[in-house]
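Here come two complexes built around subunit A, the first alongside subunit B, the second alongside subunit C.
Then we have the complex of A and B:
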């Protein structure tokens, strides 16, 4: 299965992946309208300290501890892509407690959100990858 | 191969999934006492709050049972097990033959002996969907509710009903709330937070005697109530295992593979007492992730695979009126109190390992990184300890570890 992988040494710390993610999942057509003057709510997080930076999002684990810990049965695997049914989520934070990569965060709507590899929005391809100017994240089979 | 599972809840569902990953053909029968499809038990408080409904509480869809060819017998209790004949006898007289049996009977509310308790007509527990619905249908705007127990279940019940009734009082023998999972300071934060939302606490006290509408506490205080909820704790359902001659202590004793003292009988979930990874002794861990992971392990082994669940720790996320609490592991060794802007963080370190954490509010962010450090026994001198204390970041790990985490499938 194709997943997102990180090439840490290429990351510029520009946070563009976060902006592309927030836009892709905003449901708004116009990128400027989607992002301007907004506290963005990205599903990918750039960790940055000193000269090191890299992006982290859901690893789409083969043994997803989030699924096994969700008290609402809201997280499922769709052919390996780990997705969340927000209508079932009760924001208990069990998945946050369980995910070894810190890949889930609350969305503005009072439910949990996570990267679904842009399979559940209108992008088709992970938007973060398209936004990264330096191939510091790639979408491929490994 | 015929797999029989007693109890239709989280542990047996995980077991079905694991069996079917190996054995597509064997027949699976689940026996469930509750006359409902398998639902997520922790959601009963959210149901009363209107944050979910009975449809969304269903843990797995109807299609799941069709695809996996599972027969579920609902509303029927398994009465006894004959280990010689390898049969389970149901209360309706039917006998089921098994090759491999799973006991996933969960737990029951513990009812303390209190003088006059039988005379209280409006008395409830808070463990099942039926009880939650019965409680809901008895709530009135003018109801005064008394909850006995300031643990997880008692406080979730309080949260669920506080906006629907006149008053909610909580009595507990312990001097502080959530005594078994929080330290003094975190308990204090939680109590203050809940008091601000209108809950009344009577801690370090207990009910000495009841009349139908009044509780006399040990301290002499008298509390009038219309409804009484008993939530002092749960006890594993071991009766059927005990009568079948299986090894039991407080729970049904199992090993890392979910095996009981009979090679063809497995057990998982709240009814069990299994090896905990930090103390290395068997304990009861009545929490949902544990039920899932134990059920999954048992299922793999029942179907002839090999699985060992050697990472059992208490891990719980609890939200109470907007305050998020995350507790993992054990509170032993050296404690590190980490100053937090919007919350509370205490980490516990022993023998170069993180063994536990208490996280309140913002401190819970990305906390699975701490959980993984505990479960995987990460050597603390292999990472930037100061940084990881400050914030759970993958940055704190060695570059080679990060390369594995982010550079290949995990």
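Then we have the complex of A and C:
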């Protein structure tokens, strides 16, 4: 399955992936309208210390601990893509405790959110990949 | 501090309606122009630091930024123009030589733009390169004037040290030091993929790049940085740099601050020591001396590699080239005065040398007249900007061209002309690791390959239009060119007729 991989060698720590992610998942056509004067809710996070940086989002594990930990059965694997049914989420944070990558976070609406490889929005392919200026994030089969 | 007489040349226009304060402009500007005002909750900028490199503009996700020229003005004066006055202020303040980078921005005639290319109509057919063969491969090196046969009467076809180019375009010399590791790697990867050559410049060859040796031209310049037997044998050809179009007659100076560990090892000089290239080669004061170096290098490489002698286009260039053609060199590279540089004194860059078009035409003419044109191949550089410039250069008599500024532009350079600051926001003319990594060679080399592939298509189309199906048939074919808005002396030097004739 094609997954998102990062190459910290080329990550510039520009954080554009976060903004493109938040925009892609906002459901709003205009980027300015979607993001201006708002605390952005990105599903990808740039981790940074000193001169090293890289973007982290859901690894779409083959044995996802989040699915096992979910008490509401809201997280499922759909052809390898780990998706969350926000209507079933009870915001117990069990998945946050279980995920070793910190890839799930609360969404604005008071439910959990995670990267679903832009399969549930209108992007077609992951927006972070398209927005990365230096090919530090790639979407490929490995 | 005194009075600052200089007003910032650019203004940064930020559309606050569009700015989402993502701060990418702030993070990406090495000149520290942008910052976020916590109190006002909005981005602001200090335009006095801006060099107009467009890094922020290109990365802004909402296109909230643009840079404009300030309309702040002096009282208008055709003689004492703004830049003249400002340069005097600068020198009055600093007491120093004005430094500049890249090719001259001054308004000199660009003869490429005053030449028009022919096309076939009725009397001879044009060729469609999509349907018929079209050869853009060419070979550089000494061509034998006589046909020699072996005992059985078969033609001896072996020619020594020829460079095979799949396209008549090579990347000209840019040293590791003046440009970054990733810029060098992009050029090396692209040259390999395109079947052409890149040039190490005078800074030696990084050990990682020996793998691209068969697509590398190694340079020997007056500083002799990084020159050793393994280096000479690593490349496909050796270039002796006598001069550079942007700064004829002077040497170079890579400041110690740029001589980090890798560059120090590659150049074989102490860490953080200034790398100073003398103006002349101290062992070359005549064509005979040049001949000695040419043969020393040939000896060192067992006569397997062609030797290129690169000179800047200056007055009497045809006599100089005639001497070089008799020195044993296989290829002459001529660099015109619009060529780029990582740093040069502004007055020299803007006032010394001659246009490459005129130099090329007179050199080709002179070598033909003397019957020694076959002794050498001619490569020209110094602002070849497009495929039509390539066609015109070849029709004027070049065997191939060198490009560097166009290649850097393909890598993202926006010609802000502040390479000498070492803070290139595009990761090209810098040695700061944080900036160098902005140029991913995978992306960079692809851009270079795309550019030259596109040019090659255009070259084929234009050759086809003329009814010519190979570079060889276009070489020196000045009947394919006509001048426009040129006076008689210019036409005579270029060896072309005026449009309409």
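One rule holds in what follows: the second predicted complex is superposed on the first by the 142 of 142 C-alpha atoms of A that agree within 3 Å, B and C clash if a C-alpha of one lies under 4 Å from a C-alpha of the other, contacts with A are read in each partner's own complex, and residues count from 1 in each chain.
The criterion applied here is as follows: contacts are C-beta pairs under 8 Å (C-beta built on N, C-alpha and C of every residue); 3 or more make two chains touch, one makes a residue touch a chain.
Given the structure is predicted, the values throughout are model-derived calculations rather than measurements.
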item: Partners on subunit A (subunit B, subunit C) - clash or fit; value: fit
item: A:139 touches, of subunit B and subunit C: first, second, both or neither?; value: neither
item: Touched partner set for A:19, first subunit B, second subunit C, both or neither; value: second
item: Partner chain in contact with A:92 - subunit B first, subunit C second, else both or neither; value: first
item: Partner chain in contact with A:51 - subunit B first, subunit C second, else both or neither; value: second
item: Which of subunit B and subunit C A:102 touches, first, second, both or neither; value: first
item: Which superposed partner A:72 touches (first subunit B, second subunit C, both, neither); value: first
item: Touching partner for A:32 - first (subunit B), second (subunit C), both, neither; value: second
item: Smallest separation in angstrom, by C-alpha atoms, between subunit B and subunit C in the superposition; value: 17
item: Subunit C-contacting residues of subunit A that also contact subunit B; value: none
item: Of subunit C, residues touching subunit A in the complex; value: 17-24, 27-28, 41, 59, 61-62, 433-434, 437-440, 442-443
item: Residue numbers on subunit A that touch subunit B, as the complex places them; value: 1, 3, 5-8, 47, 49, 52, 54, 56, 59, 61-62, 65, 68-69, 71-73, 87-88, 90-102, 104-105, 142
item: Touching residues (chain side subunit B, partner subunit A) in the complex; value: 14, 40, 42-43, 46, 51-52, 56-60, 288-289, 292-293, 296, 315-319, 324, 326, 328, 364-369, 371-372, 387, 392-395, 399, 402-403, 405-410
item: Subunit A to subunit C touching residues, read off their complex; value: 9-10, 12-16, 19-20, 23, 31-32, 35-37, 51, 131, 133-136
